[in-house]
Each structure stands twice: as structure tokens, then as C-alpha cells.
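Chain IDs A, B, C and D follow the sequence of writing; residue 1 opens each chain.
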């Protein structure tokens, strides 16, 4: 495994490394960690790398690693948004598999281009919509797929955070970090791109439904910012269900409250990222059921594939869910290397189509936010 | 106290009677309980009334009670929506105070007419938006008023219920009850009028803010129904805050989940009707605080006026909150009878202006639901 | 209904009155509210009583009420512990039914004597172990009775409170109230008598098991007190199950945290008084189930007899549970007056045998607390 | 790092490896994984080891590794209880640091002998009482140490599990695993040794108090078992506080419910292992506070030393807590290798004294369980 971005001090790079390390089967051996040569060098030392495989640029890394016999099997791209597409393209075209942070690209056009590159090269491409890595989210998806909820009537997805609250009353470069609020580096959206897209992905993953139309009310509460930090959206889903999706970075005291409720004619379910080991299923004519991670009564969706590492009630968290994305992608990569066929039902990790859908969500929400019409339709792809 | 509607077997009538009884200071002595004479008679027996004061019609009741020396001090109107305005008008004009179930009237026009009647007669008029009777809701309102949350940026109010779910897959006259879904009896709205208006009232009560514009997505999932059973709404509030308000009767397994979250620059709060004795206050830079009913550290808003009846952690519930509306209204009535001035700060019960605001909400939400424009403005009153 | 004790300002008297009032079927008409004549008189005014029926002493009240044609059907005794037995005896022997606060008497001997008086007179005697009035507690009991938990292996009952914490660091007459810590008025125990006995009663009510042996560790943390304010107890139950029962008044910040967990071979259950509308049932091989008050899927134990007053998720609390004791006792009294037979399965309220068991618990726990032997056996009664 | 035990399929070995891997600083290079040579070989392959460093016995491993220049810095011992002491002794005496699973030894005598070996050799010895690795447990300990709770009056520690419930009604070799219930391999205790000792360690860690006397009621509910599967214990603590500690393997449906409540004169705290990212602090005169992992308002005890890896509300769990034991022990080992002094305040991991205290707890509880006297004193060591 190699890494682009994620040098010393970068939060998300460390998360990717922990997720990759967890099962003891993936080794970081190369990287282009920073545009700053000294920081890159120090990062290489932190990670015990051969200095020859610590590169100044991703371009150099592509060239050198693709020509080594023991070159990396895949690269993790953990740079700011505007630096996802160029290295992804370069590695894929050099025959190296890619695991990439979300949102996938800067624009829907780039996303569609990347999709065609993935299809052309036939390489593995995984996108770290990590919240779908939780076993109980996988169980939720299975329940919907198996019809245990009946027909879905309504979905409420929400992702309130409060970490930017401190900036509301003064123009500061606070914890949001410079690049996320800089349109050149993050694209046209801040809050919808950073967290709204996770809620959208989770909705799609669990329900199997697509959003067809959106009505967005976007706000920028932090003075001096160009991009939105709060968004409330009404949704129409492709089976006729209604939906609500709201996300925000100015919800004082909320932490990482990604929550979803899915209401069906037979039952409904709810899941809360801050309490990820539980899945609540509700009925209008029977007691509620609390499904808990690690129990034998769960299906293979949650218990199979190594997705569950410890027995019930040994809480698993964010890193384990993240590691499940790596685990499934690494399996796909290993199968490709070994010439094994994909398992029946495919691999369970977010792929390039999810990235395209995410970019469509971001662009349509921003477009709706600027429109006086109630509904803005999602683009369709043949 | 007299009662219009609420005969044997009527749920909401029984709630009003329990609420009135609770403190041992109000006695039911007269009523026009039912259009069915036998049911009216039996109801009178159930409530140990003098048969002379069990009336066939509210008109007879107005006439007889207003001419008795020991006539009722006030009447509770607990009939279906279309039978709120006529008796309210009649009793007020006969000089009898009124406590009325919500929504106040069938239309905004009626609401405005009732307001002018209340103002003209000078009688007490209380509307049982009972959820504002909870002590922790009162404390929440005080916190906002005292600036403990700072400037309000966002509000999320929701009221999912599942009791009509059983009807989605077949056309039945289920637990929703016939009249609520009959436009002639309930007015132009079912779900927004029945429960959305509670969420709207709670938002106004706690934040002191008014909704200026709404964008509504209303659905009718139950076949054969004319009126909506699900509604998702985006809100603009009059201080520039954004809002979400969703309510539904087809949220399988949800019970009476009226919830509100208010996000401010200094702190945020959340309150859940199903766990009414707690108020959660969150900060981005300090531990969360859980305020619990009955503790000395709460203010007079929660602890004063008899609104708290038992020590901490002797759970108080729906009936006690409902009784608090009666308690405050009865105080206003007693003060009027005794010629005492209103207390500084006024009485703490929902009044005719709240009813007008509620009807404005219902009519504007329904209008928005039928519109292709994103935002529909609330009417303004001089 | 008449009342002994419970004058103006007395907490428990007010609770009894609210509980009695709630259903609109019981009227307070007489009382001996206070040894202080002025306070007694004012209390009578508060409750709108005929001054002729406000008595200076309970003895006078017994005499006068038992000779009136319209004398009270029953009396509620809400005095300190040492004043339970004498009035209970007097009213019963005068043919007047009794509802009495707990603990029933000052000693086990008195309790046994009261039992024989109840049996001799044939009058109704109810003891307000109010926590058994909660519908979900009744459902829990039914589950155990119906074998849904299998064989009971272990029970954990606890009742931590913190209201006396403020007194630990200084000798004050704090919120505990003078008489509870005065052996002459409360008997040999403070904490076990006041709240431990509720936990013991709840355990017996739900499981149908009796404690046979106890091992008690009692502490007095508040300086200057004679009686214990903290107690931890190991239990042996009569079916071979093990048990833990701990109760305390110095558990800082705990409010009224009466909790019980019952573990059986097929399932286990837990119930928490501070969240009384839920009953949690757990299985080692199936998802947990959350049973919630007011739902149709509950049995008659919870839903029948008027014990449930509002639909699901309109939270019911302490007063409603208390009212259920009154409701069941009033039914027994009415049946006796009307000459109706008791219903099959009997009445569902705590009676004199429960009071005897409670006094046995208190005396045995105190005895064990003073003993160096591990186990102290409960007395047995033929 | 080397490993003794923990071959393919062993749960706790995998946990240790994930914990060691997590931060990318520890590499497994050698092991004596199994007495079964084939299983040992396959395990070596699983972990990508040099076959020369996959040993048949721990004795061979000690000899070979201690004579290699690049021999392991430390060994993890993850065998059944009876195989803790012999390899620990051997590695320490060969100059190799040790991380060992709990309980530390088969008996208190062995524990004391191991302590003297650790002291004599001066090597690092860490015991994986992993629950003290949780950041919020570390914050709890700091609060007590800083006096924020005042004087501790009472502690309730509990560890109910239900995983053996299925065996109660029939004699089976169920999920408990053979060796834990075999006195030759597990020692004199099953439930107290396996989980009771975790509760005891947690109590000591957070409060800084020692248990001086215990009164134990031990039960064996599973037929055919020699050792206890349920234990309820009263405690006296060395500052005069009272305590309750109960643990069980037959609590149907409970999972890994290690919970602790610590009651002090100024405040109390509670922590639940199944919800490990929260710490609840309660006051009798102020709102409860919920401290949540990852927030800046926490102290260095939780946030320092790398103990917190992800921002707030990215749930951390069992593995991360376990990894914190490895992190702190590895720091001690690195400091010893590099000749650096220990940090002020020492290292934060369970050491040999904690192992001795744990064995004293187990032996005294079992002794008390067999005694008719109420209290059994803990042994004291000079």
C-alpha cells in the first residue's frame, strides 16, 4: 500500500493507516505525503519507510512504483478534494488500484470521467464512505433488501455537527480548516460535500433507493465564508417515498450525529452513528427490537467477511468500520491479483458509481439551493 | 366547569377531565356531551352530574348556564375541529370563559374572527397546546429568553407517529378516526392540523420566533384519503434562522415522538416528549448538561406556579402537563372573577393569538404543498 | 374518602389526593389533617371541606364518621410511620376501610396484629407500595407468571437516592425530614424502611418469590444520625435464586432510581422507575425487545382494569401509578359495599400480607446488619 | 513483539494483535502459538512470519529470541490462566519484557513470586486489564484524584454477562470454553477470575481505593460445573466506603455490561463499558454533566499520550482501549531500551501490583464464598 497525502499531523491519513493496519494484512511501503519535502521526509520516518519510496510528488510515485517489481498493489488518496481526481487518474492508468477519500472529485464531470477510466482500466476503485462499514448498517441494508420493512414510505437522514460553531460570531479560520471552505480546493460546496454526502450515501446504501428530486435550503452562517455551512433538504425518492436530509456544521454541541430513520409499511428502523452497535427496529403492532452487533442472530451481512472482529458488547467503532472498507477492497484487489472471481453478490465497498451519485447529489443540492423552484431533478445517466 | 363534547368513550374528553381534576380545585358540573341524547345522559351519570345540567345541545347549555347564579365559570370545548368555533363564540358572547382544544378553528378567517370576539368580550380563552405545559419545556423557553443559547441559528422540530401505518396497505377506517380525515369536519388538513401544529406551537413557545416562510412537501400515503398524512417542511424564521419541521402519521412504530432541537451560538437544547422530564443542553466547548424536572436548580419557570407537583424523578407525564394548561387558565379565570390583576409577565397558557398563528401555519403549509414555488410566505396581521 | 395526616404542605398527602382525584370517582369529604388545629382548619379550607368534617384527632374522626349515615367509605392514612397502626386499627374496628402509607407499622409484631384485625373485620386494607401500580410492572409480573422468563436465577433490585447527600459533611436537619431519622417515629430503620422496602416489595410483586435469607451491610454516613442511610444486601430467594438489593440516600445526584433486573433461564427483564413506560426484555439468542406502555400488544395485566389511561407515548408517571393503587382498592371497596364478589384472580393492590412481608424485611435486614453471621433467616409465619 | 498462545482461531490472541497493530509501531515477528505443530505453522503463515521464528514451545522461543541480536523486545502471553506464570517467568529472567493476559497467575503465591521476579529483573511487565485503557475511564480516575467527587462514600461495580445462559438447563460444553471451567487450567475460580477481577481492577483504578473485606455469595447454576458462574459481593473499602460488586455469566441477554458507579460527597460518576465514550457526572444540586471522549474540555489523562485517536463522536471501542495498554507499555519498553527516564507520574498501564491485587481478590472472594462468617479480610503485604 502507498499513500498520497496524509503526512504527519493529518487526521484522515492517520485514520486510513489505522484502518489498513488493523487486521495485520496490509503494509504501508510508499508515499507522497506532502508537498513540503521536509514534512514528507519526516512522515516517511514516522511510518518506518524506505526513504527511496518516500516521494516528492504523486507523479514521481506513480512512475517509480509502477516500474518496481515489488511496487504497491494499491494507493490510498487522502488529499483535499481538488487533489483526488488527478492522482486517481494517474495511478489507475498506470495499473495501480485506488482507495480514495470522498467526495470523489471536484465536479460531476470529473466523476463521470473517472468512472470511464475505472471501467477502461478494470482496476479496483474504492471510495471511503466509511459509515457503510458498520456491521449494523450492513444488517439494516439486508433487512430492507429482504423486505422486512415492507415498502419504504419515508426516510429521514441527518448529520448535525457543531464543530464550526465557535466561528459563527467572528471571522476566524477555525477548526473547519482552510481548504474545506475554499472553493478552489473543496469545490462548490462545503457542508453538503463534507457530510451531507455521507448522509446521502447512507440513505442509498441502506434503502437501495435513489433520490430523484431535491429541494434545498442552504445557509452560510459563518461570516466571510463563501460556501454553505448548513443545509436542509426535502427529497423525492424513486419509489415514491418522501425524504428529509439535513446536515450542518453549526449545530452547537452536536458531534458526529449521523442518524437515519427508514419507515416502511411493515416495520421501520433507525441507526445512530454515535451508538453504532445498535440497530432499532420498530413495529406498530409489536414490541421494538434492538439488534446488537456481534450476536449470532444477525445475518452474514453483519457477521460474515470478517466485518465483525469482537464478540457482542465489546464496542466496535469508527476505526473498525473504516477498516471494513479496506478489508473488502483489499479482498477485491487480492482476488484480481490472484485471478479469483468476485464472490456471488459482489464486494461490499463503495465504488465509483457511488462517487458519481455523490457528486450528483452535491451539484444538484447546490443548484437547488440557488433556485426559486421547489424541486430540482437529479441528472440521469444512461 | 362545563364541557362540550367528550362524552363516554371519547379519549380527549377524558384527558381534559383528568387534567382538570388533578389538583382538586375544578369540578365538572355541566355538559353537552353528545348529540346522541342517550349517550349524553349516560355521560352525565358517569360524571355524577345533576341531570338538569346535562344538556342536549351547546346552545341550550349556553342559555341555561349563563342565566344560573351558580353557572359554570368556564367551558371546555373538546369536539371535532369544525365544532370549535361555534360554541366558543357562543359561550364567550354569553360571558363564559373558554378552554378549547386545538386546532382552534376550521380556518384562519374563523380564527381571526374568534380573536376579535375574545378581545371584545374580554373573557379568558385558552387553547390546549398541552405540550407547552411540561415544566422542562417552560425551562427551555426561559433559557432562550435569558439568552443562554445566544442567537438562534437553526431549529429542528419533528412529530413522527405510526398509528395510521396499519391503513397504508388497505383502505380502512382505522385508528385515525373518521372525522380527522373528513375535510368537512377537520378542515383542509389532517396531519399538519393534528400534530404539525403542535410542533409549530412548541417551536414558537420555546424560541419566541415566528415562521415567516415555509416550503412544504405533503404526501397522502393511505389510499382513499383526501387529506395528507405526512408532511416535510423547510422553514425560514424571523431572525434569519433556518428550520425543519416534519410530522407524519405513517412512521411505523413511532408513538408520540414530538421532539425539538434548538441550536444557538452559545448552546443548543433538545427535548423529547417521550422523555419529558429531561432537558439536554449542549455546548461545543463544555460537557453536556442534563436538566431534570423537580430539582431546585431549575428556575421559577419550571418550579413555580404549581407547575411541578412531585419531587425529582417521580416521573410526571402527559396528564400533568395538560393539567398545567388548566392550572394557568384557571388562575386567569379566578383572577378575573376576583378582580385581581394579572401577574407580572402574564399567564403561561396558550391563548387566542397562538390559535391564530396555528391556523396560519396550517393554511400556509397546505398552500405551499400545492405550490411549485419554493417559498410561501405566512400572512401578516396588523 | 377521609384522610388522616397530609395537611397543607405535606408532600405525600398531596400525592394521595391527586391519585384519588385523578379518575373523578373519589371525593375527599373529611379529615384529621394535623395535630395543629389552625393547620387542620386551613387544610380543610384548601380542600373545600365542610368544617364539621375537619377533625382535631383521628379518634374524633372515627367516632363521628362511623356514626354518620353518609360517613366516609374509606380513610387514607398518610402520617409518619408511628402513626400508621393506631388509626388503622381504630378505623378498621369501626368498620371503615383503610388505605395506608408504607411501611405499614412500626414493627413486625404490630404488623401481625394488624393482619389479624384486617382478617377479623373483613374490611379492605390497601398499602401504597405505589411502584407496583405502573402498568409495565404489571406486565413484567405477568411475564414471569406465564413462564416467559423460564426459571428465575438471579434478581438485582436497587434504589439509590441522593437527596441526603448535602447532609453528609455537616450535621443538619436536611431534606430527609426530622421524623424519618427519629427512631421513635420511624422505627428501627430509616433507609431500609423508607425505600429498601419498596425494592423488596417490587421484587416480590414481579417475581412471586420470597426472600428467605439476607446478609446486610448497613452504614450511617450522616454524622449524628442514629439510623442507617445506606444498605447493601445479599439475598437468597425461595426458589434457589441469588439476589442483590441495595438502597441508599447518599448516592449523590441519583434521584429516585428504583431499578430491577430479573434474570431467568429463557429471558430476563429490566425496568427502571425513572423511565417507567418501558420494559426491556433480553434474550441470549434473539434481539432485545422493548415493550412500551399503551400498546395493544400488551396483556390485560397492563391494559385492563383502567390501569392505562392514555395512548402509547403519552408518558404516564408517578401519579398515575399511585392512582392505580387507589383504583384497585376503590374497586374492592365498591364491590364490598355493593355485595359483588371479587373478580377471578383477585384485586391487584398491595394488601396486609405485603405489609407483613415488608416489616419482616425491615426487621431482618436490621438484625443482619448487626450480626457477624453471614446469613440471617427471615421469620416464617404459619 | 512475540506471542505465546493466540494461534489461528483464538479470540484473545487476535485482539492482542489488533491492539498491537493499531498504531503501526509494533510488529509481530515471532511466536509459540500452539502446542499443535501444524496449527503453530499455519498461524505463522497467517501472520506473515519467518518460519524460523515460529516456535514449538515457549521454552525454545525464550532461548532463541534471547540470543538473537534482533530478538523481540517483548512478548505477549495470551494462553489459558495456568500457562501465564511459567512463560512470564522464563521471558523475564531471559531479559525480555512481558505483556500478559489476566488473571495474572493461578494463585496469589505465584503472583507474589512473579512480582519479585519483575522487581529483580527490572523488566517491564504489563497486565491487560484492558478496560482501564478507555479514555473516559482515565478521565474518571483523574476526577477522583483531583477531588472533584469529594470523599468517596460508596461504589457499585457490576459485570453481568449472559453468554453461559444456554448451558443452564443442560450439561453442555457451551461457549464458556472448556478450560475456563476446569480448575486445573483456570485456577480456583471461573466467574470471579474471568470478569469479577475486571470489575475489581476498574474500581481500584478509578477510585484509588483498596478493598479490605469482602462478603461473597457464589453460585454455580450450570449443572456439572465445579466452579462458580455467579457471584454477589459486599465490600468494605479502605477509606470507610461501602461497596457492592456483582458479576455473573448467567444473566440472560446481558452482553459485556461492565458498569461502575462511584458516589462521593461532592459528586458521583458512572461509566458503562457498552457506552464507553461517555462519562456521566451527577450532583445533588446541579444538572448532570455528560463528558464525551475526544473533546478539548477533557484533561490530558484522556486526551494525552496518544490515548485518543479520533475526534469526538467517532466512536472508539474495545480495540482502541486495548491498544492503549499496548501503547503505554510499549512506551515504557522503548524508554527502557533508549535509557530514557519514566515520565513524571509514571506510566499508565496495569502492572504486576495490579496482578497481585487481582489474585488477592480472587482468592479472598472464593474463601469468603465458602465461609459462614460475614466478612473475610484481604491479605496484606508488607
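Rule of thumb we're sticking to: a contact is a pair of C-beta atoms (placed from the backbone, for glycine too) under 8 Å apart; a residue touches a chain by one contact, two chains touch by 3 or more.
Please read all numbers here as calculations on a predicted model, not as lab measurements.
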item: Which of A-C and C-D has more C-beta pairs touching across its chains; value: C-D
item: Distance between chain centroids, defined by C-alpha means - subunit A, subunit D (Å); value: 35
item: Between subunit A and subunit C, centroid-to-centroid distance (C-alpha), Å; value: 55
item: Distance from subunit D to subunit C - Cα centre to Cα centre, in angstrom; value: 43
item: Contacts with 2+ other chains: residues of subunit B; value: 163, 281, 285, 288, 292
item: Touch-based graph of the chains, sorted into line, ring, star, complete or other; value: complete
item: Footprint of subunit C on subunit B - complex, ascending; value: 11, 14-15, 17-18, 21-24, 28, 47-48, 163, 255-257, 273-277, 292, 294, 309-320
item: Subunit A contact footprint on subunit C (complex, rising order); value: 281, 285-292, 295-297
item: Subunit D-touching residues of subunit C, taken from the complex the two chains share; value: 149-150, 153-154, 156, 158, 160, 162-163, 165-166, 168-169, 215, 217, 219, 221, 230, 232, 234, 236, 242-244, 246, 248, 250-254, 261, 263-268, 281-285, 288, 371-375
